[in-house]
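Alright, structures below, take your time with them.
What follows is a pair of complexes built around chain A, which joins chain B in one and chain C in the other.
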Partner chain A sequence: MTVIGYLANGLVFSSIIVLGSIGLSLVYSIADFANFAHGDTMTIGAYASLVTFGAVGGLGGAVLGLPYGFFVALVVGIAAAAAVAVITERVIYEPLDVDSIGLLITSIGIAFVYRALIQIRFGSDFTRFDIQPLRPIEALVPYGVRVTLHDVAIVVSAAVLVVGLHVLLQYTDLGRKMRAMADNPDLARVSGIRTRRVKLWTWVIGAGLAGAGGVFLGLFNQLSPRMGFNLLLVIFAAVILGGIGSVYGAMAGGFLIGMINQLTPFFSDVVEALPIWPGWLARLLESLISIEYANAIAFVIMVAVLLVRPNGIAGEGAT
Partner chain B sequence: MSALTDPRGAVEDLTRPEGWVLGVSAAFLLFLLAALLTGALGPTYFLFLVGLAGMYALLSFGLNSQWGFAGLINFSVAAFFGVGAYGAALFTASGSPLVELFEGVPLLPSLLGLPIVGLVVGLAVAFVLAILIGIPTLRLRADYLAIASLGLAEVVRLIVLNERWLTNGSAGVRGIPGFFAGWPVLGTFPEAMPGLRLEVIPGSPVLLETAFWQALLNVLLVLAFAGGVYFVLRRAHRSPWGRVLRTIRSDEDLARALGKDTYSFKMQSFVLGSLIMALAGVFYTHLNLYVGPGDLDPITTFYAWVAVILGGSGSNRGALFGGIVIVTIREGTRFLNDVALPIDPAPLRLLLIGVVIIAVMRYRPQGVLPPQRELIWPSAVDGGGAPDSPDSGVREQKGGGGDE
Partner chain C sequence: MSRDTTDAADRRTLLKLTGGAGLVALSGCLSTTDDGGDGDDGSDGSDGSDGSDGGDGTDGDDGSDGGDTTEAFQIGMVDSQTGSLSAFGERNQRGVDLALSRVNEVGIDGRELDIAVEDSESENQGGIAAAQKLVNQDGVPFLIGAVGSGVSLAIYESVVEGTDVVQLSQNSTGLNLTEFPGLLRMSPSGRSQSLALSNIIADDGYDEVAVTYVNNDYGQSLTDAFVDAYDGDVVYNTPHDQDQQSYSGVISEMNGSGADAWLFVTYQAEFATMVNEVFSSGYEAQFYGADSVSGDNVLENTPEGSIDGMKIVVPSAPVEEENYQSFAEDFAAEYDRQPTSWAAYAYDCVINAALAIQAADEFTGAALSDTVRRVSGPEGETVTSFAAASEILADGGGPDDVDYQGVSGPIDFNEDGDPVGFLQVLEVQDHEYEGIDFVEG
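Coming up: the complex of A and B.
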């Protein structure tokens, strides 16, 4: 595969990571804790849409190789993830009398409950959407780019959602309130913003985007109860890279981490081609920069960034 | 001490949660004893469970000396546990890849097969790993440490899974001897002991054979480990060093203003806890006689977390109690699956762990047995009685913190 091919794959995977990291970052800045249940919220979206798609079927026509029914399922997946998040906020987070570390620990319990329920209902095996896998787009194959129409659909949908969020944050009343709350919740409250309502909307948007990310992840790979939790660390890496609490930083971080993740095979080719001396160092690098360690590499980069710039690329509070 | 000389007074001194825990534990113990005597629970398996509970208690002590003492959110418990377990397994197992690697190298092959070498290597690797993880993360905000440590644990798990030449990959390491193999008397103790046959209830005899004596040795070993660690930690927690850590936990800026090098103190606490976790891993290797990458799964980390926050952060007694609860969840789900409900035990365990975490944070964030008198020198308390609990209004704000 050529560099362009890897970059194209990276773009598709980045779209999924960006959807996940925006939600995590929003919740981080407004509810003020690291939500470890975010990955499992993605899983909920994916499984909700799997069930819906099984029930409604294709519904006739298709756009970008995806039947109409899939888009219905996507909307249901987004709605289900948002609904579950709102219920969790109301029933569990809101009555809690603990600080942000306590909320963080609680969110792990919630993540386990989500995953356990999905695993009890659907089993721990991998499943797929009942959609015919497509062949790569013929016109692009000569350039070494092997992407399907489904991949294009993922990137386009993610772009639409990200632009929609940008418009919401910058040009609507709700967006201004959210930004005010992220900056200073107490000041927002005394200015007459109903912080509780804004918080609920944050959960709806964050979890909804996560649900969409989960559906696309299921389409890109497969579905399994662990899919979200496995991706969670990569998403955290993206969020920290971009600077916790900054939505635009999270977009940039998600884009970078997704790219690095999919470019790992290319990097390992580069390492193999370079004349690295001494020999043991070359062998060590070759064995470490391989596809098995793609997630680990994203993570080590995150730790390195934390060492140099503890506030990430965009810095704190630059929503 | 006072419990021996004045049992009635000791019982009256108990706070209400202490009384509850004591009562429930006693009832549970009676239940287990009944199951043992009727033959429903094999004595060897029972001792295995006791060993496992001791192992989780040890793991919880380790986490407690990080989270409970200094407030460090370490989500890489599984990594340190795994490093200890793999260190011990690779140096003692007959099927270890090290046997091949060391072949032909002078001196090295003679080190293999000795559990004490495995113990030292496991602890040494955990020490190095703790410093490597600590340097970049301990300066960061608490929640960054949580994320970074969970990720680094994942890196360790991936390495164990993928570096087959060193760890056997997903097949794990088999052929591990007991901890006392090769020791003068204890090594042959299980075989030397006669098989006993107890018949408490006619018709259902209880057999005590070699495996039983082996399990008994393991229990004694974990009691020695846990007892030693308990006393070291209790002493450390009350010492000036422990007081600095508690100050850091409640207000790091204050500790720094008082001229304490908080980074150095946090690193010491992190390394100490990691060594204890690795010790738990070493014991687990010789208890279970098999180690696989599944043991490094994040769930191991959260077993320890549940034990600590349920028992009461900062409380070593609580960690002990939490360890027992964890074994009950782990083995209880398996039992339930065998007997009553055909539900896969893995997600059921996950569900229970999740529910316990949420319930503790919701209803009792300070844990069941928060540290109270544990932190005070006995001679400093006037009547030796429990402090009066405030009627209302005081609620520890540091999630799950103790009443310090």
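Coming up: the complex of A and C.
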């Protein structure tokens, strides 16, 4: 496979991670705690859309190899994830009078509850959307790029959502309020912003994006009750790399982590090809830069970046 | 994000906490997946619920037949009633219940057999606790258990070893159990799978193979045994972690290795992901797999035709033998479904235990460890049911006068405590598993 091929794979995988990490970072900046239930919120979105897609079916036509019904299911998945997050915020996080550490621990418990509920309803086995898997796009195969139309759909949809969020944050009233609140909640409140409402909207947006990420993850791979949780560590790495609390940092971090993860085979090719001296160093690098350590390599790079920029890539910038 | 001076401290706390919580979460993952050893059974899709769950279902009414008032012989069983291997636990329970009814129809010297079942939760710690209760509190001299290879070994090393209790694992296939001769098992070792796979791949004319295996004890040991046995070149041999969201790197490297035969030693979910990625990347290769990659969930979640021609080796009961067929008939009548080989192993565990008890002079671990191998060993008259074997023993026969042929195979434990197992070679045809051959382990 060529470099472009690995980059294309990385782009697809990054899209999913970016969707997950934006929400995590957004909630951190406004609700002020690291939400460990975020991965399982993705799972909720995925399963909600699975059920919807099963109910509505294909609805006739298809775009990018995906039936119309799938997009309906995607919207329902986003809505379901947002609704669950808002209810959790109202019923549990808000009444709890604890600091951010207490909320963090609570969210771990919430994560278990979400996962258990899904497991009770759907069992612990994996499943897939009832969509015919596609072969790679023929025109791109000669260039070593092996992506399907579904992969293109994932990247395009993620791009649309990310651009939409950018517009929302920069050019709308709600976006300005959110940025104000992320900067200084007390000041925002004094100046007449209804912080409680802004907080709820933050949950809606963050969890909605997570729901979308979950749906795409299900399309890309498969659905299982642990799918979101298994990705959570990578998402945290992306958020911390980007600078926690920063949405644009989360985008950059998610993109980088996803890319590095998928580019590992390329790195190991490069290491093999390079004339590294002395020989023992070459052997050491060859055995360490290997596909089995893809996540570890991504984390090492994360640590390296943090040593240079302790607040992450976008650590100095606000939301 | 606030830009005041507390920022850095917050970050640090958060990093610590996320790291710590991540570790906790990960350690949880590890322990649940550690048991490995036993894959799913290809011919079985029935994970349906089973009403009878362990425990006290078979207690009581001692001495109701035969007019004898002595209480029932009690042995113990550690099973995976909950946890990641609970599907095996359900299958085991059906086999055990059927075997118990066979034994108690006849009785052992006028007494009944009773099995106290405890749950291992499919984990080492739960298994040890269950075994400790059975051995130390209930004082059972014979322990059937457990499902996962890691659990079986943990029980052996921390509870059974050094006592005279007999341990017979019903479902463990891990290779390292062979190193513990005192730990018997009814299911064949994974080593025979590795040997069979290496022969099949060589017979199919491939002199290069690419292997990827799940990064745990099970995957590693099976793959090492395969590499030792295979005559051709293993041009790619790399582990992968469980529960990853993408294996496209692994499959593109396998494709890049140039081998036309790809061997997968992993679990169903991981394998299904890989197949989908192979399909959507447009790669072509001849697939081979260990038993743990087969399952109806794999067929359901992979594109039609994407794994046609794949060959898989699974531990199997000798389904063509009359002995097995009558077992399958009884099983189907009782539970309205076909038995799995895992149920057959559990069935044979109980029958073998009952015969050992009947052949022994007294109901102690020392006496049972003497008879447990001999009643099913190659010497003596060949019998295929508990009733027939029991008759010989009741007529004054010794343990060497009986050779019980199990429904799962001839048993015949070797000096390492491993049975002579049967393996079935499955081929995927029209997206269904079809048995094409049998191999004796």
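Side notes on the structure shown:
Simple rule for what comes next: the second predicted complex is superposed on the first by the 306 of 319 C-alpha atoms of A that agree within 3 Å, B and C clash if a C-alpha of one lies under 4 Å from a C-alpha of the other, contacts with A are read in each partner's own complex, and residues count from 1 in each chain.
Here is the rule we go by: a residue touches a chain if its C-beta (ideal position, glycine included) is under 8 Å from a C-beta of that chain, and two chains touch if they have at least 3 such contacts.
Quick caveat: nothing in here was measured; it's all calculated off a predicted structure.
When both complexes are superposed on chain A, chain B and chain C clash. Residue contacts after overlaying the shared chain place A:Ile101 against chain B and chain C alike.
Look at A:Phe126: by the touch rule set out above, it reaches chain C but stays clear of chain B.
In the superposed pair of complexes, A:Gly164 makes contact with neither chain B nor chain C. Contacts of A:Leu134 after superposition: chain C is touched, whereas chain B is not reached. Once chain A of one complex is fitted onto chain A of the other, the partner contacts of A:Pro310 extend to both chain B and chain C. Which of chain B and chain C touches more residues of chain A: that partner is C.
Of the two partner chains placed around the shared chain by superposition, neither chain B nor chain C is touched by A:Gly54.
Applying the stated touch rule to the two superposed structures, the overlap between the chain B and chain C interfaces on chain A comprises residues 34, 100-101, 104, 108, 123-124, 229, 233, 236, 240, 244, 292, 295, 310.
Contacts from chain A toward chain C in the complex involve residues 1, 5-6, 9, 13, 16, 28-29, 34, 36, 100-101, 104, 108, 123-128, 132-136, 141, 146-148, 150-151, 182-184, 217, 220-222, 224, 226-227, 229-231, 233-234, 236, 240, 243-246, 261-262, 264-265, 290-292, 294-295, 310-311, 316, 318-319. On chain C, the positions that touch chain A within their shared complex are 1-3, 7-8, 10-11, 13-15, 17-18, 21-22, 25-26, 47, 84, 215, 238-241, 243-246, 248-250, 252-253, 255-256, 268-269, 272-273, 276, 279-282, 297, 300-301, 303, 306.
Residues of chain B that touch chain A in their complex: 73, 136-137, 139-144, 146-148, 150-152, 154-155, 158-159, 161-163, 298, 302, 305, 309, 343-344, 346-351, 353-358, 361-362, 365, 395, 397-400. Residues of chain A that touch chain B in their complex: 33-34, 92, 95-106, 108-113, 115-117, 119-120, 123-124, 225, 229, 233, 236-237, 240, 244, 287, 292-293, 295-296, 299-300, 302-304, 306-307, 310.
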